[in-house]
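Listed next: structures, encoded as structure tokens.
You will see two complexes here that share chain A, one where it goes with chain B and one where it goes with chain C.
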Partner chain A sequence: MVVAELAQYVATGLLVGGVYALMSIGLALIFGVMRVVNFAQGDFMMLGMYLTYFYALAGVDPLLGALLTIPPFFVLGWIVHRGLLARVTGGGDPQRQMDAQLILTPTPRGIRTAYATQAFTVGPILLNEARSYAFAMALVLAAALWLFLTRTDAGRALRAAADDPEAASYQGIDVRAMHGLAFGAGIALVAAAGGLLATYYPIEPSVAVNFIVLMFVAVVLGGLGSIPGAFVGGLVIGLVQSLTLLALPFQLQNTGVFIVFLLVLYLRPQGLFGRRARTV
Partner chain B sequence: MTEVAERLQVPWLTLSYADSITERGFKYTFQTSPVSSVQAEQALELVTELAKKNNRPIKKAAIVGDNTAATVFFFKPLREKLLAAKGIELVVDEVWTPPLADATAIAQKLRATQPDIVFYGATNFPDSIQVLQKVKEFSVKAPIQGVGAWLVTPEYVKTLGKEMLDSIQTVVATHPMKGQEEIVKRFTQRTGEPFMTQDPLCTYGHVWLIKEAIEQAKSADPKAIRDALAKIDVTSGPAATSFYPNRIKFDERGRRVGATPLIVQWQGGEPFTVVPTAVATRPVAWHK
Partner chain C sequence: MPSHARSWLAIAAVVAFGLVLALVLQERYHHRVLTLVFLWAAMGLAWNIISGYAGQISFGHQVFFGIGAYVTVLLVVKLALTPWIGMGIAVAVAVLAALLIGLPTFRLAGIYFGLATLAYPLIFRIVMDWLGYQEVAIPMMRERPAWFMQFSEPRSFDLLALGVLAATLVLSRAIETSRLGYRLRAVKENEQAAEAMGVDAFRAKMAAYVLSAAPAAVVGAVYIHAILFIVTPDAVFGLLVISQTLVVSLVGGIGTLWGPLIGAAIMVPVSEVLDSTVGDRLPGIQGVVYGAALMLIMLGAPEGLYWRVRQAVRARAERRAAPARAVTLPPMDTTPASAPTSTVLLEVRDVWKAFIGLQALSEVSFDVREREILGVIGPNGAGKTTLFNVLNGFLLPDRGTIRFRGETVTGLRPSGLCRRGLGRTFQVVRTFPRLSVLENVMVGAFVGARAVGRARAIAGDALSRVGLGDRADAFPGGLTTLELRLMELARCLATAPRLVLLDEPLAGLSTDGVDVMIAMIRRVRAGGVTVVIIEHTMQALLRLADRLLVLDQGRRLAEGAPAEVTRNPVVVEAYLGKRWLARMGTPAC
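Take a look at the complex of A and B:
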């Protein structure tokens, strides 16, 4: 019984962590290439949730809707990088939330899906269907990003621009374009994560504050700018949040996360993947 | 806000349930809602009676909710004395600071302990939706008794669907009662909202109460209105009938004398007043 309970906590933590991981790799990508700490990342996630909601109103399944957020948010990210980056990175969260509340209204919304309240049964463990699908899609998107970065010319150019912008430019790589690509891809990934989150989590203009700190913790935990590090960091946060409940009350759920975070920073200041993969 | 109102000597009418809001000796704060600690006692009395009538006596209870002020004051007396006094065992006591990362552990504990009632106070919408979805996913059958009007807003039925909400009930400071059909009709027509809830009804009552106070004070001066509110005793008209029982008189702390909560229950996608029966708009349907 104790083993089954522990297994349920682990499974739940991994499912929750999968979406954290996808949220975090977008942030890590932007930091890794541009050295920009994008505090607006959570707000783009919120907008991704809303776009998925509007897709759902039009009859599109939210899982597909989450994927369909990628192209428009890539373009949005690219435009923001080209024209508005300074303004976006300079503004404060309250202002963006107020803008969103004016346009989208503060009324919370939710996408009603059958799989949000159903579970796959694996022995004694229940795996929530919405979270399982979201986890699987997060893995696929993270793998797709990894393949793009390691197996394509554009991906290699992106990594070169991240490693040494000056040397990359001597090799004919348009570093500015690479920054646009990184920002667009980072925003598209977090929007897709928002879309997946929207399959089981209500949407409201202030939703970003519930996740932005965890995203940053995941990125720093994994090693600033490391894509695999951010992914593992997200999974670790989900796991620790879940397992903390075995020992501590709910009020201290995130205490476990921050204890692990501080321990990792103390023992390995560069983060889990910092030495081997400091950049993308 | 009440501190600012006190400094500026402007009367402040609140629908807050928190005991602390009228425990500071303020002269300008008037609370029309029954306070949380009183609501807990009254709500427990009401639900144990209901359960008995339906041959499902309450032996085990769970407390699940966040640590916001009104919820804390509701849970505290339940946890410390009220449940024990009725011989009810507290089998789950889970309180968190919003936002809640995941509600699986709560649903697991409820499923494992099978309480006869869950006292539920998740005032943050995303947290509450997560808990209710998990309760359904884990097939937890216990009746849910909420704490506050946040549980009966139109967003719930849009997000969860009417089937999932059916028979979930909550204690509120006020809700449309028998005899208020006309104001509800006007409200829904004018706003496009599907039904009227505590907050607009309270505000409606408060506006009429200010009008009564101004007329009694024969002045629009804030201090004169405050003095009129301190002495007011109305038992009829739109102000009084917006609250239960239909009387507005404040004690020296600014609390409405005799303020009693109502129980509102989701039935067919709409929340109805079910207790007390004298003002109920639907009979209560105890959880199957």
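Take a look at the complex of A and C:
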């Protein structure tokens, strides 16, 4: 009986964690390549949820809808990068990185309030089924990203630009274009994750805040900029959230996550998958 | 940098202007905007102490704002304690929280620190919810409203907020012009160079964190009484508080007390005006306009408005500045001291150091005698710089002991070693780029001097000893390689060291430059300072060193007088390969 209950908590945690993992790899991709912490990632996720909702209103199945958020959000991310971020990023100067983040933070604020009065759920699918489909879809998308990064020339160029922008540019890689690609892909992934989440989670403008924090935690857990790390980090968060319920009341669900987060930061600041460079 | 008197006058002028506004304005709504400007400016200034001066970007500074609000209000609700006293208790709690948060969190550097700080206010938010403090209203105290900070006259809140702002401005200015201020800027610019110059980076950051927590708590307490009246976890620990703080600070410019002031004076009224005009007609649109205005400012002046204006002013002044010139050494003023003594100053015994898969140092033992010049040579990757990093505390040896002036110093931090008289320079010069040459050297001088004036005198003296007296006001970016190396040497000498570790001080210098540097190093020794020097080329060291220590693949290969060492077959083989052994008899150069 106890074992069955525990298994239920673990399963629930992993299913939820799969979607966290997908949204976190988007953030990790952007940080890994651009060295910018995208505080607006949660807002893009929220927009992805709404787009999926609108697709659903038009009769598109939400799981397909989540996939269909990818092209428009890739373009949106690319435009945001070209129009705003490319002007303030590129140098290693932290002040400029801060500026980029400041631009990112308030971007969707106004759009968010335009929907401020509505809150609803999408999908006639039963809860567990929805989570399972979402989980499977998240795995497929993460695998697709992994194949792209490791098996294609563009993916290799992207990783080279992340490792050492200067050396990459000497090899003829257009680092700026790679940043645009990474930002677009990062936004598209989080939007798709939002779409998947929308199949079982209420959509409201304020979801951004709750999830951006979980994404940060996942990315730091896995090691800043590490994509497999962020994926595992997302799964771990789902698990911790779920297992915390065994010991603590519902309101304190996320304290478990933060405690794990702080513990990992203190004990292994480079994260579970990160490498620490030693430069003296 | 503006003179002291001018800055204090400017602060007085700002406060006077605020006072006039508070007295002149009539409408209640205008007073509210004014109060908000003062409070957000003060909050930006508080954040600026840790994130601007010390460079430790904190994304969770609202944790102290929230503590200030909750502690004060709960004391009113539970104990009917006046907020005037409650604020003091709130500050004490915030300071304690800063110590508890900082102690583990400052082990993290850069973005990791920032991300960790995100978590604390979120934890507080959840815990406050759980404790049942989702909404705590300030109870009305009709009998003694002033005693409970419940003014009906909005002007009183203006004055209260202005008082908080004035105190934070004074605190910021005091930090900027103190030893702590210089040390914080050094830590921000280059933490390792600061450590090597005797700055205990951890303690400096902790001091800045505590000093920035206190005003944030006061702002939180006043904000609740002047603006919100009801405290909720979201309102005080939420992300909106930190984003408003970041907005005023980054728009104005960080690392200066004028930045957050300028940012608040512009952005707070803009947002309020938008709320009451377009926001009335099209709810939500004010956020879009505000965001767009913010983006325009950040694209036009990414470094912040204050720095933008200052840069423009300085560019005009620099057109009149004098061009660079050659370094000439001032005449010798010290009589040459005697040759090396037999006293052992530094004793290295059986030191081992491994990195993952690489044994960088094995079984290294040697002595450094007082007033000698010991050259450390060896091929690339021999472990020379690793040896220096172990000697000055950047790396902990896996095994072995190091004794300096008779005291075991293994495991001390670089700053501790520096204060005990062990200075160093770096293979690639490490400057504090945004500090002037004089200020760079002052960071070293603070090891022996508490007062800024005294440090300035020591630094000026050290600069003229290396012949850079007239470059004091330049910035490192405008210096030649030789001048940079000399500046780093002066910074090291300003710490009044007994022994200096020089890591390839001749690298990248022209022939003339090498001559100047060699003469300079001889002078350093003549002044009674012992020198250990790493060099790649044997030729230069043969002119300079009393003794040589040869490292190869992390092991001590040979040690002794230069002529002796260069004839040692083992050394020749390590340097030049076996074939050269056949041509033995000529010194290898």
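Everything below uses one rule, namely that the second predicted complex is superposed on the first by the 233 of 280 C-alpha atoms of A that agree within 3 Å, B and C clash if a C-alpha of one lies under 4 Å from a C-alpha of the other, contacts with A are read in each partner's own complex, and residues count from 1 in each chain.
In this section, a residue touches a chain if its C-beta (ideal position, glycine included) is under 8 Å from a C-beta of that chain, and two chains touch if they have at least 3 such contacts.
Just so we're clear, the structure is a prediction, and the values are computed from it rather than from any experiment.
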Q: With the two complexes superposed on chain A, say which partner A:I79 touches: chain B (first), chain C (second), both, or neither.
A: neither
Q) So, A:F216: does it touch chain B (first), chain C (second), both, or neither? A) second
Q: Kindly classify A:A136 by the partners it touches after superposition: chain B alone (first), chain C alone (second), both, or neither?
A: neither
(Q) For A:P249 in the superposed arrangement: first (chain B), second (chain C), both or neither? (A) both
Q: Kindly classify A:L265 by the partners it touches after superposition: chain B alone (first), chain C alone (second), both, or neither?
A: second
Q. Of chain B and chain C, which one contacts the greater number of residues in chain A?
A. C
Q: Could you look at A:E204 and tell me whether it touches chain B, chain C, both or neither (first, second, both, neither)?
A: first
(Q) One more residue to check, A:Q8. First (chain B), second (chain C), both or neither? (A) first
Q. Between chain B (first) and chain C (second), which, if any, makes contact with A:V60: first, second, both or neither?
A. neither
Q. Which chain A residues contact chain B in one complex and chain C in the other?
A. 107, 109-110, 112, 116, 249, 251, 254
Q.
With touch defined as at the start, can you tell me which chain B residues reach chain A in the complex?
A. 67, 94-97, 99-102, 104-106, 108, 125-126, 129-130, 133-134, 136-138, 155, 158-161, 164
(Q) For a test of understanding, state which residues of chain A touch chain C in their complex under the given definition. (A) 37, 84, 87-88, 94-96, 98-99, 102-103, 105-107, 109-114, 116, 209, 213, 216-217, 220, 224, 249, 251-252, 254-255, 258, 261-262, 265-266, 269, 278, 280
Q. In the complex formed with chain A, which residues of chain C make contact?
A. 55, 57, 104-105, 107-108, 110-112, 114-116, 118-119, 122-123, 126-127, 129-130, 192, 238-239, 243, 246-247, 250, 254, 283-291, 294-295, 298-299, 302-304, 355, 385, 389, 394-395
Q | chain A - residues contacting chain B, complex | A | 5, 8-9, 12, 16, 107-110, 112, 116-119, 126, 128, 200-202, 204, 207, 210, 241-242, 245, 249-251, 253-254
